[in-house]
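Same chain, two partners: subunit A is paired with subunit B first, then with subunit C.
Moving on to the complex of A and B:
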């Protein structure tokens, strides 16, 4: 019985590879786009313009306050009503990028706020332009604080990409769902799906932990 | 565009949406209670010196953190019948949410306990307290204070995660929105109303977290919501 199921599972490996490819593509594209947009938003949020900061803050609250599944449905079913035709893949990328950008914005903003004002004042006194101040003084120091949570955020992003299976994209989770209709062994099928995610996410979790430990060691805090 | 946004349809579906809202609320409360129980047990195992208890807890926490909730949910939904346990979808959903959030809560409690400075523990030892006394009288009263805001943050995550239960056809808020959207071909009405209901819960819990942080004199919750 188990043997037959194994054979059937091995038969569906091209599907599994396609699913893994889809998961990686979704995560990678939205990771890059989300990081770029998130950094821009984070810098804007701390730029001192009250109105801009408020608007970004409101948007982040709206995104943080609603389930990702509902966001996907909103984008996939409602954007077409505004005349934007989009397929499931584009909708998934938009939803994931938006989510990543919001979280990364807050991480970057927290990092920038952690840089002592004396540093900025010193840069001002040295006659650096705003761009130079950001690039050479503030961001390098902010990155040290932001890096561990940023890597953690990437793990969340990869995991959240599983939710786009709800609009019919054949990612790793969806493949599990399809296979389990033919091979009625949910424990085995989704254990394999889980291993697929684990292989991608666990190294990132370890990296985040290591970065965090290095950070607190660099700041002279004692690890208990 | 949304110029024919039909408030009338929303009012027509208000009983269904209301039921969904209440369902999401109470299944989140039950799951959070379950997650607290799972988290406390895992954390207690994780803080032991013997690897027999520590290793399984660590492996469990890592496994949960490195895989998506949806895969865990399907694992239970399609896997439990295989073990001869045919449970209603609602039970499976609550179980999945409790087991998932429990792993994160274990880490929150652990961070709270480890945030108590070494000197406090040593002072307890020097005063001749037993391990249980130190835990009960010195560590836990202080640890609970710092864990309450992040626990409320985890509650926010749990409420949002509960939307995934609609995918195994548990009737809750997202499911109600989906029904409205598909019955009347009105996705805007269905999903915007659903989103508004979740925002209500989010702002409620968020202000509770901020207020509790102020009352307890600890730092407010971080970015992991």
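Moving on to the complex of A and C:
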């Protein structure tokens, strides 16, 4: 029986690979975009403009205070009502990027706030411009604090990408649902799905741990 | 070079600078002293705009602070500021610390900035420490790097905010020696310090502040041997007792 199920599973490996590819593509694209946007928002959030900081803060609270599944549904089902037609992949990317940007913004902002004011004053006193102060003095020090939680957050976001199967994207989780209809062994199928996620996430978990160890030891610039 | 006229500043309800009128001539070395909380740090932090003034006139190197025409970032490149807590960049080596602003602000070629930086670090006695990170240096060494970092910008004015207060006693003199050297080269300096030996050696004037106001100014000789006010006498008896 089990043997038969295995054979049937092996037969569906092209589908599994497609699912894995979808999960990796979704995660990679939205993490890259989310990191760029999150960094920009984090810098803006700490730039001293209260209105900008408030608006960003409100948006982040909104996103953090609602389930991701609801956010995806809102983007996928509500936006077309206003004439914005999205395919599922784009909707998934938008939702995940938004989620990533919000979490990353807070991590980056916390890192920036952890840099002592004396550092900014020293940079200010030597005539560095606002961008130079950020680039040369504040961000490198903020990154030492932010990198380990940032990589940890990536892992969480990759796992959150499984929610996009709800709008019909054939990612790893949805492949699980499809296969289990043919091979009625949920334990086996979803164990394999779990392994798929783990294979993607584990290198990042190792990287986070390594960075954390490096942060506590080193005093120089952060090198990956 | 630096001119305060009727300068006032408040922190909330606290009147931290009261009607300050004071000027510092080119190549002059002025020591500012007074009890803690007297506003002396705030006074020199106003000069490079780390604090803003509420009213009055403050003119530095011919430019009025708070004026629209005054480019604060540009003015700051002419003013070196040495902090009590050094504030070296911990992620950069000594040499990177002293070359950062010359390269990015003065737009000097990296190789040129580095050779100037090495020369300056050697001058403050740190020829062996080019590649050391701040965490690997003693307090006295860090403060000397901080002074070199300012000097590498070839400033017109140097401000020191209690440069030796955070140092262990045996490291104070190595920093003061560097400061004396800077003074003797003709730098315009304003130094907040209680190091009376330094004041006697290089200062042309001592300014005594208390409760946000300039109470007394005079040459070091006059001030130390014949203080004019009760408050300065009380202050001197406290710091010179030991």
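Everything below uses one rule, namely that the second predicted complex is superposed on the first by the 216 of 224 C-alpha atoms of A that agree within 3 Å, B and C clash if a C-alpha of one lies under 4 Å from a C-alpha of the other, contacts with A are read in each partner's own complex, and residues count from 1 in each chain.
Note that in this section a contact is a pair of C-beta atoms (placed from the backbone, for glycine too) under 8 Å apart; a residue touches a chain by one contact, two chains touch by 3 or more.
Everything numeric here is computed off the predicted structure, so don't read it as measured data.
Participant: Could you tell me if A:68 is touching subunit B, subunit C, both of them or neither one (first, second, both, neither)?
Facilitator: first
Participant: One more residue to check, A:127. First (subunit B), second (subunit C), both or neither?
Facilitator: Once the two structures are laid over each other on A, A:127 reaches subunit C alone.
Participant: Which partner reaches more residues of subunit A, subunit B or subunit C?
Facilitator: B
Participant: Pick one for A:178: touches subunit B only (first), subunit C only (second), both, or neither.
Facilitator: neither
Participant: Would you sort A:119 into first (subunit B), second (subunit C), both or neither based on which partner it touches?
Facilitator: second
Participant: Quick check on the superposed pair: does A:207 touch subunit B, subunit C, both, or neither? Answer first, second, both or neither.
Facilitator: Neither partner.
Participant: Once the shared chain is lined up, is A:110 touching subunit B (first), subunit C (second), both, or neither of them?
Facilitator: A:110: touches subunit B, not subunit C.
Participant: After lining up the shared chain so the two structures overlap, which partner does A:44 touch, if you call subunit B first and subunit C second: first, second, both or neither?
Facilitator: neither
Participant: Touching A:77 in the superposition: subunit B (first), subunit C (second), both, neither?
Facilitator: In the superposed model, A:77 contacts subunit B only, not subunit C.
Participant: In the overlaid three-chain picture, which partner chain does A:137 touch, first (subunit B) or second (subunit C), both, or neither?
Facilitator: second
Participant: Residues of subunit A that sit at the subunit B interface in one complex and at the subunit C interface in the other, please.
Facilitator: Correct list for subunit A: 222.
Participant: Which positions of subunit A touch subunit C when the two form their complex?
Facilitator: Its residues touching subunit C are 116, 118-119, 121-129, 132, 136-137, 140-141, 144, 219-222.
Participant: Which bits of subunit A are touching subunit B when the two form their complex?
Facilitator: 61-62, 64-71, 73-74, 77-78, 81-82, 103, 106-107, 110, 149, 152, 155, 158-163, 165-166, 172-173, 176-177, 180, 184-187, 189-191, 193-194, 197-198, 201-202, 205, 222, 224
Participant: In the complex of these two chains, what residues of subunit C are touching subunit A?
Facilitator: That would be residues 48, 50, 73-74, 76-77, 79-81, 83, 85, 87-93, 100-101, 104-105, 133-136, 146, 149-150, 153 of subunit C.
Participant: What residues of subunit B sit close enough to touch subunit A in their complex?
Facilitator: So the residues of subunit B touching subunit A come out as 1-2, 62-63, 65-72, 74-75, 77-83, 114, 118, 156, 160-164, 166-167, 174, 177-178, 181, 187-188, 191-192, 194-195, 198-199, 202-203, 206, 222-225.
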